[in-house]
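Should a chain be cited, it is by its letter among A, B, C and D, assigned in written order, with residues numbered from 1 in that chain.
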């Protein structure tokens, strides 16, 4: 049995999406290069604008507020750098658990004279609106807070954050890639928002940035005058068509299903002794489970599970190419010895109950086998040894 | 009959390419997010590195010299901005007939204190190596000259240009998107080169930048540490796999076929009175025909041909969304009244002789019908009226 | 085929009305210029201050061709005073609209007609 | 399944040798720490200055588990002097190599063994 439980990394492209894209590869393969050009180009232009409309309708925004980009990373950069370049200088507020495409862009801006506040989060990964309120300065130009965290699943109070930004007339960006289709987003409180295709069973290599009509941002690279002058370059028409198709397939019924499955998994796993739930117990993505097992290390869990056909992920340092542990688990205050034992399971609409039963059985078995192998059997010894070596 | 003669804008994705991509949409849909993660991610990582190797082998360069990006525009920006950011200041030399992604990036850099020389071209679109030689200054940091022009097909002497750059120790970038697979490129004289997928029957939304191993450039956006730290963001695996597959399908035999077809078309069209060949008579892409018909306007030619199933393009201002004529035809010194009547036909490996005969018949017919409708019948009146209104 | 033009524009573009040079026109009007890509010549025959025939020659884009053809339909049979008042907007409306960008650059037929009427009057008032 | 590990590593990871706690060891060695994610306990039984039995417990990644298992195979039967000289490289080579990044962070079994031997000697030299 093959069970894919890494849907926060990427999702399977839906068959309906592939079918919608196919004609744009080898039949309607034109590009909208000229308004007064040939039919193949006009068809491409129609497909582009129709797709834009589909996504705008879903979000209840205007088509000219949707800009297509190559991915979440580019959209996030376009939002943050685009505002920074339009303003020239100032103060930006973000959080310590944003994506690297936000964090490293902010770090880059620090070298250019911008000042950045990285808001802390509580032990559940929540940003406090009060913290935001007190971080605001006269020269604050932008607040960027993700809708939901892809690792621990915590969903922020975007309405409260957006209202504070609105009161102070500060632009508010949210990376809503991880929550797209899973959680409602109060678009009326948001100025810029990132949505990516590959997390909603659309193709990779395409995303969008919502840019409220009355906002001016500057492009991050230069060329032709596409996408309202904000994003040059030929449009990835098959990708855009596939993205829009994926949006039409979003449905609340999947959310309900995943929420039930998630709660079942959390109940089963937290019943294992010395196991902690990471992230918020309630304000949490319907498809996200993240737990830490004391005494064992996550890479071995992921590897054993993979050998049994189950794809999962971990925040363990041993699993990362630079041996750094998850900065998100660090930000919520988890001790490193515990975060080594973290395991993330993320569901999709295609995840079946049978797959979940299979995965649960094997997770329990693997955890018990690895714990048998571990020198640690009780929290005291484990924590004490960690503390000693911390000194 | 449907005849697509706009292959310099974009090409049909080859069926073999689609077939190669398909499994990466809904079977092997993982992402290489962790080196020590699950099999689906490892398969994605293998596909990525195998594709990189395929493209590097074709170019006879090292795999770690190939960086994947979202398109020609991004690759060109990464080359020019990437060098500019690494150097901090200096002088850049380019030409007046580069792509907008080079020209507008250079214009942006002018606002940041960089100085740019835009080399002129001769009436055939050729850059003179002597002009380059004399433009070089002590603080010149980069030369960017396209391999071939997508509009008029002129192929530059990249070896001579690269040698001059080499002698002066100046980085040399070439946008080789339009010539990829059609003209040999002396990679040993080049430091950076742009290649895009959608012009060689690969998918849209994916391209690469060759960056010689010993060169440092800075990324243009920020995030995760992918692509040797030069291009962050999750990889578009299906796109990359499709791009690599398209490279394996390149073949000299198609070049030979297209060259013959091109010469036949040029012979037939220049036999029409008051018709001029744009671009170089010999140093010209094997798939490019560009002619100007006096007395008529290109948008009507393109539209009439489209109604007969033939997709072509024109440099006429009337065909562009901002009513500006082709800056390439302007740069080669063509009078605007003549460039309005330009028609570009660009071939692909799939273009058949039958399609060409069909197109030629209809082009001749359309030109003759539109000339019948035109107030101009002789060059003298035509040019004189243009001159008068120019004053 | 979904062109950026109305069906009417496409009809006139494909099968223009009254196209061609007139043998002995009473006046010839010109608008546009080759540098911009659109040039219209309008030839009129006038009788009792009424346009009894009109022919035209146009170099230009689809909008230029269609507007000249449309104008010919509209102008023939009108008195000079009536024809002189024909506006670009009337021509465009009769064509079921034009793309905004084409309204001013290619829709020059009314100008050419006014030029022809002016020249006719200059000749006949002398 | 093409893991970043050799077949040998995967074999030992799946079916580790000599794994478990030893009832009455002559000495226990430790290496690594929970903060870094890899901890090895090595239990030895010694007779006539020779390791006649070895067991181990490891918390850690696949490389940590496989190297401890491999080390057990290599050490059992060796004299203390021989066992003391076992290097990380020898362990890695016996496993047909390790990913470079894992060479130093997870390949700690030899250190744990040396720690056990040291402790054994301290106890028995007194």
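Just so we're on the same page, contacts are C-beta pairs under 8 Å (C-beta built on N, C-alpha and C of every residue); 3 or more make two chains touch, one makes a residue touch a chain.
Computed from a predicted structure; not experimentally measured.
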item	value
Chain pair, B-D or A-D, that carries the greater number of C-beta contacts	A-D
Whole-Å separation of chain centres (CA-atom averages), chain A against chain C	59
Centre-of-Cα separation between chain D and chain C, whole angstrom	94
Separation of mean Cα positions, chain D and chain A [Å, integer]	40
Shared-contact residues (touching 2 or more other chains) in chain C	1, 3, 61-62, 101
In chain A, residues with contacts to at least two other chains	35-36, 39, 299, 303, 306, 318-319, 321
Arrangement of touching chains [line / ring / star / complete / other]	other
Which chain pairs touch, all of them	A-B, A-C, A-D, B-C, B-D
Chain B residues touching chain C - in the complex, by the definition given at the top	295-297, 299-300, 303-304, 306-307, 316-319, 321, 323, 325, 336-337, 340, 370, 372-376, 382, 385-386, 389-390
Touch list for chain B against partner chain A, complex	4, 6, 9-15, 17-18, 22, 25-26, 29-31, 33-41, 70-74, 76-77, 81, 99-101, 104-105, 107-108, 198, 203-206, 220-225, 232-239, 299, 302-303, 305-306, 310-313, 318-322
Chain A to chain C touching residues, read off their complex	35-36, 39, 42-43, 46
Complex contacts: residues of chain D adjacent to chain A	1, 3, 13-14, 16, 19-20, 30, 33-41, 57-65, 101, 105-106
Touching residues (chain side chain D, partner chain B) in the complex	1-4, 61-62, 99, 101
